[in-house]
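One chain, chain A, links the two complexes that follow: it is found with chain B in the first and with chain C in the second.
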Partner chain A sequence: MGLIFENGNFSAFVEGFLRTIELSALSALFALLLGFVLAAFRVSPVPVLRWFGTAWVTVFRNTPLLLLFFAVTFMLPPLDVHLDSFTAAVIALSAYTGSFVCEVLRAGINTVPLGQAEAARSLGMGFGQTLSLVVLPQAARSVISPMGSVFIALPRNSAIAGAFNVPELFSFQKVLSEEAYDIFAIFFWIALAYLAISFSINAVFSTLERRVAVAR
Partner chain B sequence: MSMRTASVLYDVPGPRARTRNLILGVAGLLGIAGLFWYVISSFADAGQFEAALWSPFEYTGVQQRFVDGALDTLKAFGLAAVGSLVLGSLLAVGRLSDHFAVRVTSTVVVQFFRAMPLVIMVFALYRAAFGAQPMWALVIGLTLYNGAVQAEIIRSGINAVPRGQAEAAYALGLRKTQVMGIVLVPQAVRSMLPAIIGQLVVTLKDTSLGYIITYPELLWQMKLIASNSDGYPYIPVVLVGAPIYIAMCLALDGLARWIESRGRRGTTRRSTTAA
Partner chain C sequence: MTENSAELRDTAPLVALRGVNKHYGALHVLQDIDLEIAQGEVVVLIGPSGSGKSTLCRTINRLETIDSGTIEVDGRPLPAEGRELARLRAQVGMVFQSFNLFSHKTVLENVVLAQVKVGKVAKAEAERTARELLERVGVGAQADKYPSQLSGGQQQRVAIARALAMNPKVMLFDEPTSALDPEMVNEVLEVMRSLAARGMTMVVVTHEMGFARSAANRVLFMADGRIVEESTPDAFFTAPRTDRAKDFLSKILQH
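So, the complex of A and B:
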């Protein structure tokens, strides 16, 4: 277990840990933005946009994340687009996660009963008021828990970036196992790091969930 | 959802709204067409549609590689699917056990493997024990991770079975194992089937991790084809390979929808899991 304190491994470990967090946070941000746009497309009154949103989400939800990383890494250089591996990883991760965010948002909006909006309109509320005062607050409540599982999955998925030259925790594991350290000892430290990340995100979301829970 | 139905977000469109939607629709269509044209023309400008780059697909050897890759993907998926369902049922029952030790052990196992990235586990297994048989590293990794996830799905299914079912079964004199095995688990699995199949789609997608540990599944074969052909046709290979993955996932997804549409007798409906 002491391997982490030898030969400057500790600084590499911390660097990998921070890189994982940075990658996950950036991808979470872009995934949220993309997810909102796609969800707006999927619930819009314009059929063309709805079809486009559906097609986009279907393609990206059913493509393996590794294939997206593969595509971003190998399809862009022939087109004369040269990105560093970190940017490429952020693109792949947010494109993948964005479609899951979209599905969660759409499902959340669909859980609001139609009568709520009808009641709001018959009270004389306009479109903006109906949306911001009645529909979205109710949708937000039911969205928190599934959104939590999407964002807990994100740092786990980000480990794949290590296979595409991003120096994060998985590549730390690769490098150390090539230096012939004990694989179980390496796994122990990596596992500890991911457990810490995963439990902190879990804690945030369960607090949020408790805050906004409906008292029934 | 047709144009005539109201949604929670907007009313049934009147004449003015219909005109506006039509204009937005045409603008959207033009935008999407422009996007497609941009992508296709930048592929064409980079010479990605030249016959030389696509000729490798005419070789039977290359076609065979795609078939072999898809079959190896399906083989790893089949083994992992069976393994994860068996492990998932055991862990789910374990988490609901009356024995403290069993309950705690199953909970710890489930929480641990759910929090662990699959790449890290598969790679550690590959390095530790299965350097010569990468398939087993992949299958065992997939089984452990997806087993933990399936356990949570099945457990929530068991919890959603009305309490009267278990009470009635006990009143008839069934044992604990019988109540679980022939009353609760079958109902739970039936009501959770869409979520279970949703997780199986995730399992299928995750077999692509074999790429990292040199298991010759579809993605690994794609890389091999692209890097061994003249001109490195990565774009053509992805354009051919990605639809194969999407088709396999959609087929499984279609199965889930079909089962759901047959009308389940379960009382609860849950959505599928996140990746």
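So, the complex of A and C:
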């Protein structure tokens, strides 16, 4: 178990840990933005937007994340788009996670009775106002728990980036394995780090859930 | 009120429907509806369920679209979905059977929200207007509660205040008392009666014959998507002309 404190391993470990957090946080932010836009598209009165939202979710939610990483890594350079491996990983993770965020939001929107939107519209609110002032705040209550699951999955999914040249937490495992340390000890420390991240996200969503419950 | 009804209709109509048709699949819910409603007029729509009266009411602010015909409000045809329509909807108040108060907002916020966000009224002024209106419909003391803490009758009165806050030219009531416990029906009808007395133009879909009798200028009887009979409340309730109306009245007035 002491391997982590030998030969400067600790600083590599911390570096990988921080990189995983950075990757996850950025992807979470973009996924959230993307998810909101896609969800608005999917419930919009404009057929083209609805079609786009549905197509996005169908493609990105149903494609294995590994395949998306291959796509951004190997299909973009021939199109003369050259990204560093970190940016490519953020794009793959955001596009993928965004489709899940969209569906969670849409499910939440569908729990709000239609009469709420009708009342808003009959008062003169436009589509955007109806969604942001009336429907989404009420959808929030039912959305927070499944949204937590999506965002807890995100850092764990980000481990794939380790296979695509991003020096994050999981790639740290490869380095140590090659140096012939005990495999169980290596995975113990890595699991501990992922656990710490997951618990933190879980804590954030639990707090949110309590907050929204109190605010009715 | 009934006597000046003819005189009201001489001026340009506030709401005009011409040749309106609507289908739900194979069902022809509105068939060649022609209807003009004058400024200050109170029109009550009655008829058996499925007759199209709620649908008709909801076409006036385009919550329901129509297949053919024209609908004008204040001389202008209803625009397509978008900014224009939103602006027009703000001038047409609507009260629903199921109240539809925003459940995440307090009573006061319910009445303030659209004033500020749609009408661009300053918040302090919107709150003043809201409190006045809540006082007027008799729920001033409930301003800081959430809708779920109110009785149905109170919620519906808040819904009326919320619609009135936009200063509408016409108010649509879609079965406003149908979801209420019997002892709460009157408090809502009382508010509606006082609105009518103040000269508000109203379209009311209801099963409350007492209200139709006492507050309406005109009663429209609908069946199978058509306006079958149209007359003053007195004439309609004492001497209905059509068999459909006679049949309907005999069923509801029996007890």
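As a working rule, the second predicted complex is superposed on the first by the 197 of 216 C-alpha atoms of A that agree within 3 Å, B and C clash if a C-alpha of one lies under 4 Å from a C-alpha of the other, contacts with A are read in each partner's own complex, and residues count from 1 in each chain.
Assume a contact is a pair of C-beta atoms (placed from the backbone, for glycine too) under 8 Å apart; a residue touches a chain by one contact, two chains touch by 3 or more.
A quick note: this is a predicted structure, and the numbers were derived from the prediction, not measured.
Student: Mind working out whether A:65 is in touch with chain B, chain C, both or neither, as first, second, both or neither?
Tutor: A:65 sits against chain B, while chain C stays out of touch.
Student: Scan A:137 for contacts with chain B and chain C and give back first, second, both or neither.
Tutor: It touches chain C, and chain B stays clear.
Student: Answer with first, second, both or neither: which of chain B and chain C does A:146 touch in the superposed model?
Tutor: First partner only, chain B.
Student: A:45 in the overlay: touching chain B, chain C, both, or neither? Say first, second, both or neither.
Tutor: In the superposed model, A:45 contacts both chain B and chain C.
Student: Using the touch definition from the top, say if A:129 reaches chain B (first), chain C (second), both or neither.
Tutor: Second partner only, chain C.
Student: A:185 in the overlay: touching chain B, chain C, both, or neither? Say first, second, both or neither.
Tutor: It touches nothing on chain B or chain C.
Student: After lining up the shared chain so the two structures overlap, which partner does A:119 touch, if you call chain B first and chain C second: first, second, both or neither?
Tutor: So A:119 only meets chain C here.
Student: What part of chain A is shared between its chain B contacts and its chain C contacts?
Tutor: Shared contact residues on chain A (touching chain B in one complex, chain C in the other): 45, 113, 116, 118, 121.
Student: Can you name the residues of chain B that touch chain A in the complex?
Tutor: It comes out as residues 1, 3, 6-11, 13, 17, 21, 24-26, 28-29, 32, 42-43, 46, 48, 112, 115-120, 123-124, 127-128, 201, 205-209, 211-212, 219, 222-223, 226, 232, 234-235, 238, 241-242, 245-246, 249-250, 253, 271, 273-275.
Student: For chain A, which residues count as touching chain C in their complex?
Tutor: These residues of chain A touch chain C: 45, 113, 115-116, 118-126, 129, 133-134, 137-138, 215-216.
Student: Can you list the residues on chain C that touch chain A in the complex?
Tutor: 61, 63, 81-83, 86-94, 96, 98, 100-104, 113-114, 117-119, 146, 148, 159, 162-163, 166
Student: If you look only at chain A, which of its residues touch chain B in the complex?
Tutor: Residues of chain A touching chain B: 43, 45-50, 52, 58-59, 61-67, 70-71, 74-75, 78-80, 96-97, 100, 104, 107, 109-110, 112-114, 116-118, 121, 127, 131, 135, 146, 149-150, 152-153, 155-160, 162-163, 169-170, 173-174, 177, 183-184, 186-187, 190-191, 194-195, 198-199.
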